[in-house]
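Structures for review follow.
Below, chain A partners chain B and then partners chain C, in two separate complexes.
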Partner chain A sequence: MRFTDFTPFDLVLLAQGLGVNVALFLVTSLLGLVIGIGWAIVRYYHVPVLSELVAFVSELLKNSPVLVQLFLVFFGLPGLLHIRVTPVMAAAITLSANTAAFTYVIAVSAIESIGRDQIEAARVFGLSRWQVLRHVVLPQAAAFAVGPLVALLVNQLQVTSLISVIGVVDLTKIGNILNMRTLKPFIVWTAVGLLYYLASKLVAWLGSRFEKRLRAHSAWRGL
Partner chain B sequence: MIRVENVKKAFGHTTVLDGVDLTIEPGEVVSILGSSGSGKSTLIRCINGLEKLNGGRIMVDEFDVSKPKELAEARKRSGTVFQLFNLYPHMTVLGNITLAPVEVLRRPRSEAEAMARGLLESVGLGGRADAYPAQLSGGQRQRVGICRALAMQPRYLLLDEVTSALDPEMTGEVLTILARLARDGTTMLFVTHEVEFARQISDRIVFLDKGRLLVDLPTKAFFAADGGMGQPRVAQFLSKMRKD
Partner chain C sequence: MRLDLSVLLPHLGFLAQGAFLTAQACALALVGSVIMGAFVAIARTSSSARLQRTSLIYVDIFRNVPFIVQLFFFYYGLPEIGISIDAFTTGVIALSMAGGAYASDVIRAGILAIDQGIIEAAEVSGLSRRVIFTRIVLPIALRTSVRPLGSVLINMILTSSILSTITLNELTGSAQIVVSQTYRPFEVYVVLLVVYAILTYLVSLAIALLHRRLNRDMREAVA
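Right after this comes the complex of A and B.
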């Protein structure tokens, strides 16, 4: 066996790399969703100053490349604050913030899609703003937002490949190493691509199952 | 008692209510007539606190609607039924009716549900408790809307053109229920275009025109004088409604 062969063991290496991406994806998605929805609720309550701040931060994050943000956190923060930032930390911070920014936009439009008339009815019957949010707005907004959110998450899973650039040994990085060893780019990158594809498909499938469950209780059937 | 005192309301430069005075005693059924844009719906929306007043005062019993702290209590005493039903589409009929009693009045769920089922039975919807609003006809939805308001056991029922989105047959379904409520002594403020029906159930008729309260008379007197009373605007309105 020559070192340029692509062996089954290499697939195990790649799968381990994928594990790194998936772990990072899970952590940053959870953080990003929680933070993004929190920002949207800040806006729902029209919290002074904070609402404007949140909208501004979200704008910054949405309109600049993730890679640049990653460099800024990884190379910029240590110099500015004199702290140690590991590649994994930098990746977690950047991707969580990025997911939060897009989640915020989706959550805001979902909340605003709920008809004023229902909200007025609930208010007239004495429900507080929080009760209206919890019982009337959020269940419907969730059904509205779940589609775009799943699409966002599928995209964010692929964006995790950027961390290979700052030295995290993930699927893309291992693919790079194998590519240099085997000199068989077509085979290596096909395998890498397929693994990302399978992971993304899994996320999309779980998402659509969840979406069906959220919409089952409503008579809304979509267009 | 609901007391509306010199209430003024404008949207931008458009004056909608221009100094309205109105008192509704417990047990009374008062109908508000008037053409579209005369401020009828806005008056209801002022009473239940959906619009801020530009002037005057509205008291529901001893609670001032303009004061945020008293508004909550005022809202507990009045129940609103809306023109376009305004049901919560993601909740079943039962969920729609029990939400406020459970969340606002802190009733146990089982108790609230038993009451809701009783109300549904009384409006002929006993079998539809688990349906979603989208699965009901307009008349059925409005009957659910009435049950939702009654479940809060309000002292005053505010009805905002509750039949104008319904065809004549469905209108009949809803009016039958309102007539029964009126006979049972429910206090009602009834904004409507159904002149004949208003005549049958009301103790008093109020006529609004361009944000002003032109006439406030016992039903008999209102119709006996053919709305006349030196008010050509009312006579004109009534003759138009009769032609339709």
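Right after this comes the complex of A and C.
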């Protein structure tokens, strides 16, 4: 009996792998968005020391390879702090931090895209700083940032493929396993690539639909 | 919890070799991706609908499939069809293909930004279409897209860390070897992170200088 042929179960394996990627993508994107926006708000309020620290960390995370960040968390942290870090935990920490760094930059430029005069006018009307942030800055910044954010998320979905290197059994790892067993790299990697492609396209499509809704108020309605 | 960077001192030479290999791969891949990107940009701005569609498919695929999957596709797939090349060449080819997809967008934008009057003037002067393209359109397009091409290069430096997964001992790969010899993962990877950040920072400085130098006669146009 030969074990090198494809079996129907391989499809289940591929789907499972994709599920791991998508689940991790959803969790880390959500965490990253929240953390990144938090960092941007720290900067918005000019919190001393903290805002400089945030800018530095985000710069460092943006300008170093995700793979090295993964290695640092997965191999480095346990050695330094004497804690156990599972591959999934390391992947979640790294990807969230990475998404946060990029979200921070997008959120900062979105906030800066709103004219000072608007904020001053709102303050003159007696709105508190929190109300200005909530009712004036946030809605406009969201409409400005949604395009870059969608592009970022599509990119981050692809970055999740790197977690296979530290041993998370995701789609790429499944591809590796199937490749080793069947020795048919073209079919295996084409299938894996296709699944990633479809997932990316889905994210991009959902993003563009969401963007259209957010911008509906400023869209040209015709005469 | 202790951080002792002196354990790295004996391995600095080895790491420098890895950094040199990274630089080599990125330099070759930069040339490859600019050539690739220029051809694809030509196809995407051509009047032939079929060329436009084909080039769009290429860009779409290489931007929406994770680099590590592309890399494995080339690394495991090419030998199966009888092309046996070493890891370095495979890595450079994969980086060039992926970088080419991004570079083509940049160069395309550069081409589309060219004033139609310049092309009409060249046509009136009786220049052939090939001469117009190689002597007028491409130099202007490349010159204005130096800065975005620089971000493609920076991305490429970060992406090149993934080449360590196909047994290529570039900067990340040699760092992994140093870790296995010193058992100090945290120190090694922190240094690696900072080295990558400094590397990309220096590259971005150089790009800004080059951009200013190339566009010195049209400062107000490109700022």
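The rule is short, and it goes like this: the second predicted complex is superposed on the first by the 214 of 223 C-alpha atoms of A that agree within 3 Å, B and C clash if a C-alpha of one lies under 4 Å from a C-alpha of the other, contacts with A are read in each partner's own complex, and residues count from 1 in each chain.
Operating definition for what follows: contacts are C-beta pairs under 8 Å (C-beta built on N, C-alpha and C of every residue); 3 or more make two chains touch, one makes a residue touch a chain.
Because the structure is predicted, anything quoted here is derived from the model rather than measured.
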Partner chain in contact with A:200 - chain B first, chain C second, else both or neither: second
Touched partner set for A:31, first chain B, second chain C, both or neither: neither
Touched partner set for A:13, first chain B, second chain C, both or neither: neither
Partner contacting more residues of chain A (chain B vs chain C): C
Which superposed partner A:76 touches (first chain B, second chain C, both, neither): second
Which superposed partner A:55 touches (first chain B, second chain C, both, neither): neither
Touched partner set for A:42, first chain B, second chain C, both or neither: neither
Partner chain in contact with A:136 - chain B first, chain C second, else both or neither: first
Partner chain B, residues of chain A touching it in the complex: 117-118, 120-127, 131, 135-136, 139-140, 143, 217-220
Contact footprint of chain C on chain A as seen in their complex: 59-60, 63-69, 71-72, 75-77, 79-82, 154, 158-162, 164-165, 172, 175-176, 179, 184-186, 189-190, 192-193, 196-197, 200-201
Residues of chain B that touch chain A when the two form their complex: 48-50, 72, 75-76, 79-80, 82, 84, 86-90, 99-100, 103-104, 132-135, 148-149, 152
Chain C residues touching chain A - in the complex, by the definition given at the top: 1, 3, 61, 64-70, 72-73, 76-77, 80-81, 154, 158-159, 161-162, 164-165, 172, 175-176, 179, 183-190, 192-194, 196-197, 200-201
